[in-house]
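Next up, some structures in structure tokens.
In the two complexes below, chain A is the common chain; its partner is chain B in one and chain C in the other.
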Partner chain A sequence: MSGPLLEVEGLKVEFDTWDGRVRVLDGVSLSVSPGETLGIVGESGCGKSMTALAVMGLVPKPAGHVTGGAIRYRGEDLVKASDGRMRDLRGNRIAMIFQEPMTSLNPVFTVGDQIAETARLHLGLSPAEARKRAVEMLRAVHIPEAERRVAEYPHQFSGGMRQRVMIAMALACEPEVLIADEPTTALDVTVQAQIFDLLEELRAAEGTAIVLITHDMGATAEMADRVVVMYAGRKVEEGPVDAILGNPAHPYTQGLLACRPNLQLGHAAARPQLHEIPGVVPPLHLLGRGCAFADRCPRAMPRCGEAFPPAYDVGESHAAACWLLEEARAA
Partner chain B sequence: MSDALLDVSDLRVHFPLRRATPFAPKRTVKAVDGVSFALAKGRTFGIVGESGSGKTTTALAVMRLTEITSGAVRLGDESLSALEGEALRRARRRVQMIFQDPYSSLNPRMRAGAIVAEPMELMQVGTETECRERAQELFAQVGLRSDQLQLFPHQFSGGQRQRIGIARALATKPELVVCDEPVSALDVAIQAQILNLLVKLQEEYGLAYLFISHDLGVVQYLCDEVAVMYLGRMVEQAPREALFGNPLHPYTWALLSAVPRVGRRRRDGAARLRLEGDPPSPISPPPGCRFSSRCPYAEARCKAEEPVLREVRPGHRVACHLVREDGTAPLRPATL
Partner chain C sequence: MVEETGDGRPETKARGLWREAWSVFRRNRAALVGLALLAIIALVVVLGPMAYPVDPFDIVGAPKARPGAEAEAPLGTDYLGRDVLAGLIKGGRPTLLVGFCAALITALIGITIGALGGFYGRWVDGVLGRVTEFFQVLPALLFAMVLITLFAPSLLTVTLAIGIVAWTSMARLTRAEYLRIRELEYVRAARSIGASNARIIWRIILPNAMPPIMVSATLATGSAILFEAGLSFLGLSDPNIMSWGLMIGSNRNYLREAWWAVTFPGLAIFVTVLAISLVGDGLNDAFNPKLRTR
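Up next is the complex of A and B:
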């Protein structure tokens, strides 16, 4: 297909807090096309989950508000959509897998009932058809003995299996866009690999557009076509995965890549130096006018504290918001 | 090994489970079931493995914080596992622990300075003034400011709280620090800060670390020697270069293969060793090799006979029937 399925443009989200109104997302733009995987990376609190929640129409009320920008699904602006329309789209066309599976599964219903209910509501299946679909979905996410386990409750499943149940639920209604918010954070690497295989299978077979939110650059490298790097509620860099990993333009992206001790197979020599990003993410209510990364940036210049840098193109569909890039251009 | 600081031999920790009825068969969780290793002064020994493999239980047993079913834990010339009362309390000074969760492991009602000084007071090392001075010194060592001594835990960030935990662990000048997933709850950027701090402190004080983590990249970065645990047993144990350069056990291959890596694309169908399912329950591990129910290479013999952990190259031990006497594993995939 041509053109993106989901497009977020200049999204602003604000919250009323004890410290006054804080801008949690400030002009975030991204898009994802069918059969494409978009990775979103960044440290805790940078707005990854909030971006996903905004797309789902689930920004917590009454404290949170979408105060600007557009979220277009097939051209339709979801920011303006009614609650009824959003309910219809959610789970039906756009589905989300949440960071913590236990909180999004209902403990008093069997896993089968929960998947069947979704399938019944969204696809209009009869109860019998919906049950059959539930078993099929559990099988699709590689849960052994699906016929038996469909009648079990969430607490009878391991963490990895619960996450697979969540995916089964999200897939039961064949969404076009799947947002996976840290789908493997609490899981063992072997189980994490199974979940990623599953997402990749789905993308390849159904052409699902996937938004994968993670703090793991390795996972992003393996899964994503394009990557959005966020910092303090803003997008600081975006580009094709190879460019982001091989030729990162923003000092924050460079820092994120260098501060991970990556697994090296083969005879690894002595302990390498591990790069540090000093300090911590600043609280959002204390952000000044300048680049939010300035006080942690090893290459900050006086102007970095004065104004927020615009995005500069640094390559084919690759852009970063950093004043160094203007300096480089001027030189 | 006589020059070892920590020597753990054939350690077992079994938890009896409550019976459903008085006549139901007695069941036990064999959380740690015959683990041996040695750690020299100033070195780092890593334990990796999936959730439930017994890493934390091993650490707690070394700390004498959980009851040891059998086996011995020696610290230098003292038998930690046999000590009781006052002797145990004195020996405990030499071993401290850093926990995974910097939030729940600090008393929320105590000031940071008091938290750091507490172990010294409990173990009666030094006068009150000495304790206070030492707390200040430790604060500087771990990268905190002395004006922060008066703050409460909630006034610190996650990384800073872990620094407090580290300062507290160092208060009694231990020789061994047991670190149970010390960076798992932290953001990537903060992880690097804490890992570098641990390296710096090790160099300064000649500390030995028993380092537990499920993150193989972190373990490779920090550890001199690494053991891989599965269902309460060590299936492979080797110096770092050998474990990552010449892994011999199929479970180690699966773990290494599962780690997401830069430079490999999933959709290119990158060759990798896949494991199905979750680890079996430690209450009734499969007969024979405990990994046989998930091992892609398992043969009839694997399900019948438990492979012993044997040394196949200097310092490199492995428990798998398919590893040859000359220390080669012919079935290892060309790429992991």
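Up next is the complex of A and C:
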């Protein structure tokens, strides 16, 4: 594996709100290499999607600002790139698929027009060539009867089929980085598996780097090579997927893993109660200096409220930010 | 929106928004009546002058002849002895032309201002919103009269004047649509494939905002026709071009002796505006999914 294709370093994003300026991303760092899948996991509101939008240069304006850090694509800092340069890259080299396939397609154009649009914007294809490309892409995402369906409208497609169309749109220019923001959350379980198979197939065939944003630990286990765990705008743990799932070091990651339901038969009363992490992600404007997870952490210590812990290495390219690890090291 | 597929089979299943709207529209009897009326009016206005080539300014008989009293003028003559039927047939053209063109200008100004304000928000919306309000609080008729008297009263000035005073509601409607649509996922998706602002405004959002704008433009045509009639009535349109409004205006002093010279053009305007309103209502039902279940 060569050097990272996309590298995010110390990314800070802030939003102006009625409660003042709120930091939604605080020093997030991550990287992906060609042909690698990076999973970003965490609860709603922890900054996963904001990280993706920042990479795309789509932090909602005027409220949001990237206030620090760098986003490097092949060494080029995208934070400093011009709007025109970002438009060139978006959809062309770095593409994104969204959470809601039902609403992410424009209802008044045929799916073929929408896939062709990407190709025409970036590859300068003629309408006829772009249409051919659209049919090819529909075939590549395994939509049957692609020649016929290319002329149909989004409402004639099911949810899973629409997500395939979204993927076809995102991949029409053969991007090097594909950001998938909860691509299967809105879909049936069986369809989820198909979409993951499709992404896996494309990654293997084209060597696309995939950033998979999800709150589904099962999906992460299935897809990701490495995992970044985020909480309240910060990275709390990072490591290879086996290490994160098999030997989580941060109490938050341990909590997330414990929350997964197990398939067990038997009377309802006999089944073990589903584990939960009490509380919710705190409002970002109320964060103190300490660890944001301290209020919900079963193993919180006094010092957790005082300062945010640095990242401690806990294994081969596996690190977590928690004071417990220093205690463990000292002992 | 029927398209040929790659293998040459005609596409029967691909029904876009417009086709679906038409299938709803088709079931609305009042709207169909309106559409038929409009078709008849258009036919008479376009082909009528050829079938009935009497100059509406020619004096064909005695003044104020009753309908049927003179063979040359089946609907009677006006206070100067001019043929009322010829006026009705020939006068429809400028009336409808002014109506449609004024509605077009209304739509152009309204859509542009509404789209830019709604899309960009912030100070752009602030400035355009104040401009809209400025035009909204002007007394429309008075302002149009000022514009027309400043320049020569011609069809062009009348059309422009109506367009300039009538665009505000279109701008507000368009702005509201843009405010709603710009937050939708497919706009974000369009951005994520690298579409520029201009492309998003005109190619992505506009087609989705079109249904209510179309309804509003249709109804604007009706009110533009009424407005033109009003201006003509006041003697503020081109006196050398016969229009329904001009007929009413010039004959209004003789209403008691020659009611037909005022009544028939009045009926023509009434029927035309009614037909346009029926079609507009039909479009509204067809495009508004909340009303579809009725």
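Everything below uses one rule, namely that the second predicted complex is superposed on the first by the 319 of 331 C-alpha atoms of A that agree within 3 Å, B and C clash if a C-alpha of one lies under 4 Å from a C-alpha of the other, contacts with A are read in each partner's own complex, and residues count from 1 in each chain.
In the analysis below, contacts are C-beta pairs under 8 Å (C-beta built on N, C-alpha and C of every residue); 3 or more make two chains touch, one makes a residue touch a chain.
As the structure is a prediction and not an experimental result, all values here were calculated from the model.
Colleague: Evaluate whether chain B and chain C can sit on chain A together after superposition, giving fit or clash.
Modeller: fit
Colleague: Should A:229 be classified as contacting the first partner (chain B), the second (chain C), both, or neither?
Modeller: Neither partner.
Colleague: Figure out whether A:8 sits in contact with chain B (first) or chain C (second), or with both, or with neither.
Modeller: neither
Colleague: Is A:244 contacted by the first partner chain B, the second partner chain C, both or neither?
Modeller: In the superposed model, A:244 contacts neither chain B nor chain C.
Colleague: Quick check on the superposed pair: does A:166 touch chain B, chain C, both, or neither? Answer first, second, both or neither.
Modeller: So A:166 only meets chain C here.
Colleague: State whether A:105 touches chain B only (first), chain C only (second), both chains, or neither.
Modeller: second
Colleague: Determine, for the superposed model, which of the two partners chain B and chain C contacts more residues of chain A.
Modeller: Touching more residues of chain A than the other partner does is B.
Colleague: Rounding to a multiple of 10°, what is the angle at chain A's Cα centre between the Cα centres of chain B and chain C in the superposition?
Modeller: The C-alpha centres give an angle of about 80 degrees at chain A.
Colleague: State the minimum pairwise Cα distance, in Å, between chain B and chain C in the overlaid complexes.
Modeller: The answer is 9 Å, the least C-alpha separation in the overlay.
Colleague: Considering only the defined contacts, which chain A positions touch chain B in the complex?
Modeller: Interface residues on chain A, with respect to chain B: 43-44, 142, 144, 158-161, 188-194, 196-197, 200, 203-204, 215-219, 221-223, 245, 255-257, 259-268, 271-272, 274-278, 280.
Colleague: Taking the complex as given, what residues does chain C use to touch chain A?
Modeller: The touching residues are 3, 5-7, 9, 11, 13-17, 122, 184-186, 188-196, 204, 207-208.
Colleague: List the residues on chain B that touch chain A in their complex, please.
Modeller: For this pair, the touching residues of chain B are 50-51, 157, 159, 187-193, 195-196, 199, 214, 216-218, 220-222, 240-241, 244-246, 254-267, 270, 272, 274-278, 336.
Colleague: Provide the residue numbers of chain A that touch chain C in the complex, in ascending order.
Modeller: 56, 58, 62, 86-92, 95-96, 98, 100, 103-110, 117-118, 121-122, 135, 147-148, 150-153, 156, 166, 169-170
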